[in-house]
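What follows is a pair of complexes built around subunit A, which joins subunit B in one and subunit C in the other.
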Partner chain A sequence: MGPFIVQFLTGLSNASALFLVAAGLSLIFGVSRVVNMAHGSFYMVGAYVAYFAISWLPKGGFWFWGGILIAAVVVGLLGTVVEVLLLRRIYRAPELFMLMATFAVLLVIQDLALWVFGAEDLLGPRAPGLDGSIQILGALMPEYDIALILIAPLVLVGLWFLLNRTRWGVLVRAATEDREMLAALGVNQKRLFTGVFFLGSFLAGLGGAVQLPKGGADLLMDLNVIAAAFVVVVVGGMGSIPGAFLAALILGELTSFGVLFIPQSTLVMMFFVMAVVLVIRPYGLLGKPEGVEHTVSELAQWPLRKASRKLRVTGAVLAAVLLAFPLFAGSFQLILIGEIAMFALACMSLFFITGPGGMVSFGHAAFFGGGAYAAALFVHHVNTPMELALLLAPTCMALLALVIGWFCVRLSGVYLAMLTLAFAQICWAVVCQWGRFTGGDDGVLGIWPSPWAGNEVIFYYLAIIISGGGILALRYLLFTPFGYAMRACRDSRLRAAAIGIHVRRRQWYSFAVAGMFAGLAGGIYVFSKGSVFPYEMSIPRSFDILLSVLLGGIHSLSGPVVGSAAFIGLEDLISRVHFWRLILGSIFILLVVCFPQGIAGYFSARFAKEPGDQEAGSERSG
Partner chain B sequence: MRVVRIVMICFAMNFIAAALAVPLSFAGGAITVGEINTYSKLTNFTIPYRNGWRLAVEEINNSGGIGGKKLEVISRDDAGKPGNAVKIAEELVRRDKVALLMGSFFSHVGLALTDFAKRNRVFYLAAEPLSDALVWAKGNRYTFRLRPSTYMQAAMLAEEAAKNPARRWATIAPNYAYGKDAVKSFVRILKAKRPDVQFVAAQWPALFKIDAGSEIQALAKADPQAVYNVTFSGDLAKFVREGKLRGFFKGRFMVSLLTGEPEYLDPLRGEAPEGWLVTGYPWYDIKTRAHTRFLEAYRKKYNDYPRMGSVVGYNMVLAVASMLNRAGDTNTDRMVRAMEGLTFPSPFGPITFRKIDHQSTMGTFVGYTTLKNGKGVMRDWRYADGREYLPGDAEVRSLRPRD
Partner chain C sequence: MTKLLQVDGLYKSFGGVEAVKGVSFDLEEGELLAMIGPNGAGKSTCFNVINGQLTPDRGSVKILGQDTTGMKPHNICALGVGRTFQVTATFPSMTVLENVQMVFLSARGRLSTVHRTVSRLFVEQAMDLLRVVGVESQWARPCGILAYGDLKRVELAMALANRPRLLLMDEPTAGMGIKERLTLMKLIGKIASERAIGVLFTEHDMDVVFAHADRIIVLNHGVLIAQGSPAEVRDNHEVRRIYLGSYAR
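Right, the complex of A and B next:
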């Protein structure tokens, strides 16, 4: 019996740690709708600051907890600085842009942390007075875990009191319910948002600091914790603090006992739970559905227009330049341009559902990497020729997207995005674990093009034609009745349904189309690299694609192409220098602040005054 | 006009990229080699590693270079992405015209480069990746590997572990290729030496996301007499701390891969485990002349002590330099032939690149951990020479595809 009780208590202490990180994230999202990717970085900074504060302060229990509190306050102030200097400028930009801004903060903090805190992993100090263990029916349980189990409910009660019994809390809850109404009533939102950001970051820092005696501080903590924190927030219901607590409890216990009964489950347990919860309860355990018409997409203000004559000419010139490129470019430029083209197709397919489709996906790499794997596995196992593999890859991914999409289109907003993430993670785990079939982490090697396409110039043409063709096909689709119906579903579900469009089915099909073209991009990509590894399906890969789309601008049809060129170009440019994440992050921040519509979006808005040009930036759809 | 400008931006970016990529050396006066590693991650390995190879390059160039030419290294960061590594390799080979490629840490990045080397007939020396597949199942004519593989290190530990009377064993390893290979090899070799041994539990925490408390409880439930651990870095620290607090290590024989390397042992400080059987690098106690010379030079240049990564980086460049001296030029076929059977002196003594599978015989140190002045160190260690821990020639031939 003892071991089971201890396993249960261990699960509780894990739950506590999870709750502390997730609470701040949920609070920030609830009020400001910022999907804060930098939350994990605040957690990491909290751990480092607490480490140095505790080793600098005198020894003893009082100073230990004092050091933890100092770290939490420092991180809270850091969050405040980020909010005031960066986020405040872009609250009016689409939600996705705030995602990009916070992602940029994450990149910047990664390199700054390496620079300030050093490369070596730090082992956390033990808590004075709580550094032993107690006997529970013959099994030992660390005292600090017991303390952790008590901290989370204390924080929960404290937050409940703050939100329900103070005026500030009432305002925060009002902002969570309806921001516009609160502003109309004359409440200073700026100060409120800054306060919430301080509190949320404070909690992240606290979470990082109190886990020190359970582990330590290292430079990978930020990315390792952020996915778990998002899972807890979404399972609990975005913006709901008690929901986050409940979700943390469930996830903490399930992972603890999962380790005991299914040791291999560690890769995927959390995401599996999230997928199940979201399928059954689309708004999380304690979340509330958002008002449907309340979230009319900002994108409705930028209706897509067919290509003007000028654009067609430019496109033709671009195509001619690309086709003539091998005449004057070195072989590496060909490879780089080819890669940009393939990546642009993947970006275009994500743009297709995210922009005109209104469904943000955090898991698009499942289809891109999945296409690469489908092609590679056909070649590897049944010696499929390249030409056939390039047909089979998109077909398989269309089928996969039909399965995943069937669940996802029942949701909307961040919940939908997180469900795509969960499915992508499940696909990734399957590829990692099913070593006999997929090669596991060692990947599939030796997937090179057919002999006739082995020459780099021919392969360049192949890549350009497939990618360009895919991009044009997606573009064409947007101006067919299918595309118009899809955009109608995004702009107003109710009205679209009223005129007889089956909203969910339309979204389901568009999801499948996007999956198919991402699969095509992945299929051609694998032949250019010769090998594929689970990394191509992982979360960072999904974010590469998403960031490129945002970089180009979500308003503009040329956004994905421009974004892909900029992303791959930047990545190539700065992989030569140290601290490149700092540079990349700074560029992102600059872009977000100066070009809130993305690069291509900026130019369309800038030159919109010219008569007859493509997108009239300021025109409203009413 | 809009699109024209955008196109111009794209092209401008590529031209800037092209301009920056111009090699810094003058052709003819230098031999340029390409180096790729994951510098932006795993800094506790890659920074000492970079120090190591830079020291070797400096020493070689100060003593006249290679056949009168300077050795120049173009170093790039792959960010841990295999696709990026292949792209960088294309660029190094096609634009920078490097003579050969070397480096990388992660096995999957190493395997991607292995495949690239095969297809493009480029010489590639994998420095750190431990995957067995790199020289065996996926091995090829153009790829060589420096570090002792997962199999070799597991074999070194299994040999010593077999002497322990423990019969009930459990394993814990990160849930990816390295962990799985390390467990598979260890189980196979230990069972061959000790048929009475049985494995009663296998835990697979996610890499760098270990839930140490739960894993320890799950291991304790199986009540093994001995445990083979493959977790490292931050996971290891958590595993050690929770294990101590929960009294798990008491009376159990612990065997642990890589734990004796300063990269992983030093962060544990006073909490370093005692009495664990580990592979590692006791730089403080190695008194051979070759190592002392290296140690002094390293300390002088960096005012720091070397880690295992430093030796890997240092040996990597030494190997390449000796190979280039033997080959006489940078023709890939001649370089491959020069590397096969090449023996070069290193801080760990002479190392040979085997002709049969292109694995080097670089070994590692096997010993027990203990605490000394509040720091974890290795005691009763010995150098395990890699050549004694590789399977027989017939088996190697069956593992490796024909060229």
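Right, the complex of A and C next:
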């Protein structure tokens, strides 16, 4: 009985830490609709600042808690600075751009933290007066865990008081429930948003600081906690503080007991719970459905344009250069360009559903990496020839996308994105843990092209033709009824349904097509690399793809190609330099502030003849 | 002969608000039925229940004798129901022509076509419809930048494109000047009688209603308080009371 109680209490203390981060994230999302990827970074900074503050301050319980409070305030101020200097400029930009901006902040903070705090993992100081353990029916329970258990309810009560009993809190709740109404009330939104960012970041910092004696501080905390915090927020219902509390309790207990059975995969278990909850309750346990579809509606202002003459000429020149490339390039450049092309196809497939389709996927690597694995496993286990493997990879991924998509198209906006992330994470876990079949962390090695394509020039042409063909096929699809039907569902679900379009079914099919082409990209990619590792299916991979799409711009059909070339080129240029994340993040921030429509979007807007020119693009033909 | 539309004892509430309380009425082929009532009377809610966007709490809807209660909008559309919305809903990123083409593509089951581009499908048919509603000159402009009155006409074209038997038009003339209102209603009346379509519409301008409706039903606070010919409704005491005598002289 004792160990059981201790396990239960440990779960409560896990829940406490989860709640602090998640509450801040939920609060910020509720008011500003910013999905703050940098929230985990604030948590990490909180832990580090607390460490240095506590070791600098005099010893003793008072100063210990004082140091923790100082850390929370410092992080709160950091959040305020980010809000005022960056986010405030781009609240009007598409939601996805804010995501990219906060992701850039995450990258920048990662390197700044490395620079300021050092690479070493820090062991947290013991809390004075709470450094022992108590006996519970024969089992030991650290005193500090008990203290942690008390913190979450205290913060919950404090937040409840703030939100329900103060004028400021009433405004925050009004903003969460109805932004338009708030604007109509004439409230100073800027001050409100900044205040909420301070509070949210303060809570993240507090969360990082209070877990210091338990978990210490290290540079991987940010990504680890952000994934968990998102799960809690989404399970609880975005914007709902009590929901976050409830979800933190459930997930905290689950991980605490789950660790007894499947030790390595607590995060995967959380994602699994999230998938189940979202399927049963699409808006989380205590969340409310979005009143208005706000996600990508701004996209609807961007008509689909046929290629202008200029673009056709550019495309032809590009194709000619690519075909002539082996004449004057070395093998390193050939491989690089080939990989850019495959990556561009993966990006185009994500763009297909994200831009014209309005469905943002945070887990597209499931299909890209999945295609790579499918091809590799066929070759490895049953000696499939390359040509057949290149057919089987997209087929398998179309089937996988049909399964995953069936659940995902029931949701929209951020919820849909989070569900794709959950499924991708589950796929990734399967690949990691089913070592006997997939090779686990060691990956699958020795996957080489058929002999006729073994020559690097021939393989280069193969890669260019498959990738380029895939990109053009997806592009063409956008101009067919299939693509139009998908776009109709994005533009107006209401109208689409009223003219007899089965909205979910169209979205489902589109999702499968995107998965299929991503699988094709992954299939050819594995033959270029010769091997595949679980990284190709992981969250960072998904974000590589998403960031490239955003980098190119979701308003423009050539965006994915430009974006992936820019992304891989950049990565290749700077990944050998120290602090490349800092550079990459700064570039993203600059891009977001200067080119809120992405690179390709910027140029196509800039070089369109005049603002009222949209008609000219779509000459009637028939 | 079966009625085109039969609504029987409809109830619908949102949380605490009872928007529609026991509304029953029916509609014949070729008939122009006006639903009137003050703002918040429950008119749009009735429309949304009839076209399947909302499920009623109680009551039933029959279209051409078939019980459609709880059916999804896309299935109800397939029975021959066209719909326009109080706040216009079109595809803003598509041109006027493409908006109408979409309806043809959907009605003819061509949405999965991948071997031809939209620019070659149903162009003439869609242009013809645009001519009927009088926005053919705008065909190449995206709906996102269209004037409100033109959007209402595009919606009408879209509602007509699948050859509906029943048209549901929620405030088809909102935001138009009085002359345009009258011409548009006249046009709707003409189309309805030519094609034997039954039309259920709401309208705030009583002059328009009394000039064009064959029959009128009156909603107030979710309750159907009167129905009958324009003359009967005009003389109804309760209707006069609600409209404070402003329209019923």
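Some observations on this one:
Everything below uses one rule, namely that the second predicted complex is superposed on the first by the 597 of 622 C-alpha atoms of A that agree within 3 Å, B and C clash if a C-alpha of one lies under 4 Å from a C-alpha of the other, contacts with A are read in each partner's own complex, and residues count from 1 in each chain.
Just so we're on the same page, a contact is a pair of C-beta atoms (placed from the backbone, for glycine too) under 8 Å apart; a residue touches a chain by one contact, two chains touch by 3 or more.
Here the structure is a predicted model, which means the values were calculated and not measured.
Aligning the two structures on subunit A places subunit B and subunit C side by side, free of any clash.
With both complexes superposed, B is the one of subunit B and subunit C in contact with more subunit A residues.
By the touch criterion stated above, A:Gly330 is placed in contact with subunit B alone, subunit C being left untouched. When the two structures are aligned on the shared chain, A:Trp448 is found in touch with subunit B, with no touch to subunit C. For the combined model, the angle formed at the CA centre of subunit A by lines to the CA centres of subunit B and subunit C equals 160 degrees after rounding to the nearest 10.
When both complexes are overlaid on chain A, the residue A:Leu123 reaches subunit B alone and has no touch with subunit C. By the touch criterion defined above, A:Ser13 lies against subunit B but remains apart from subunit C after alignment on the C-alpha atoms of chain A. By the touch criterion stated above, A:Gly500 is placed in contact with subunit C alone, subunit B being left untouched. Legend: residue contacts after superposition of the two complexes on their common chain; A:Leu304 is shown touching subunit C, with no touch to subunit B. In the overlay built on the shared chain, the residue A:Arg487 is in contact with subunit C alone; subunit B does not reach it. In the superposition on chain A, contact of A:Leu477 is made with subunit C only, not with subunit B. Of the two partner chains, neither subunit B nor subunit C is touched by A:Asn164. The overlay of the two complexes leaves subunit B and subunit C separated by a minimum Cα distance of 21 Å. Comparing the two complexes, residues 614 of subunit A contact subunit B in one case and subunit C in the other.
If you check the complex, the residues on subunit C that touch subunit A are 51-53, 72-74, 77-78, 83, 85, 89-95, 97-98, 101-103, 105-107, 110-121, 123, 139-142, 144-145, 158, 161-162. Of all the residues in subunit A, the ones that touch subunit C in their complex are 299-304, 476-477, 479-482, 484-485, 487-488, 491-492, 494-503, 506, 509, 614-615, 618, 620-622.
Across the complex, subunit B is touched by residues 3, 6-7, 10-11, 13-14, 110-111, 114, 119-123, 132-133, 139-142, 144-145, 214-216, 218-221, 224, 228, 255-257, 259-260, 263-264, 266-267, 310-311, 314-315, 317-318, 321, 330-333, 335-337, 339-340, 432-433, 435, 440-443, 445-446, 448, 525, 529-531, 533-536, 540, 558, 562, 565-566, 569-573, 575-576, 578, 580-581, 599-600, 603-604, 606-607, 610, 613-614 of subunit A. Those residues of subunit B that touch subunit A in the complex are listed here as 1-7, 9-10, 13-14, 16-18, 20-21, 39-41, 43-44, 47, 76-84, 86-88, 90-91, 94-95, 107-108, 111-112, 114-116, 118-119, 131, 133, 138, 175-178, 180, 201-206, 208-209, 211-215, 217-218, 220-221, 233-234, 237-238, 241-242, 245-247, 266-269, 271.
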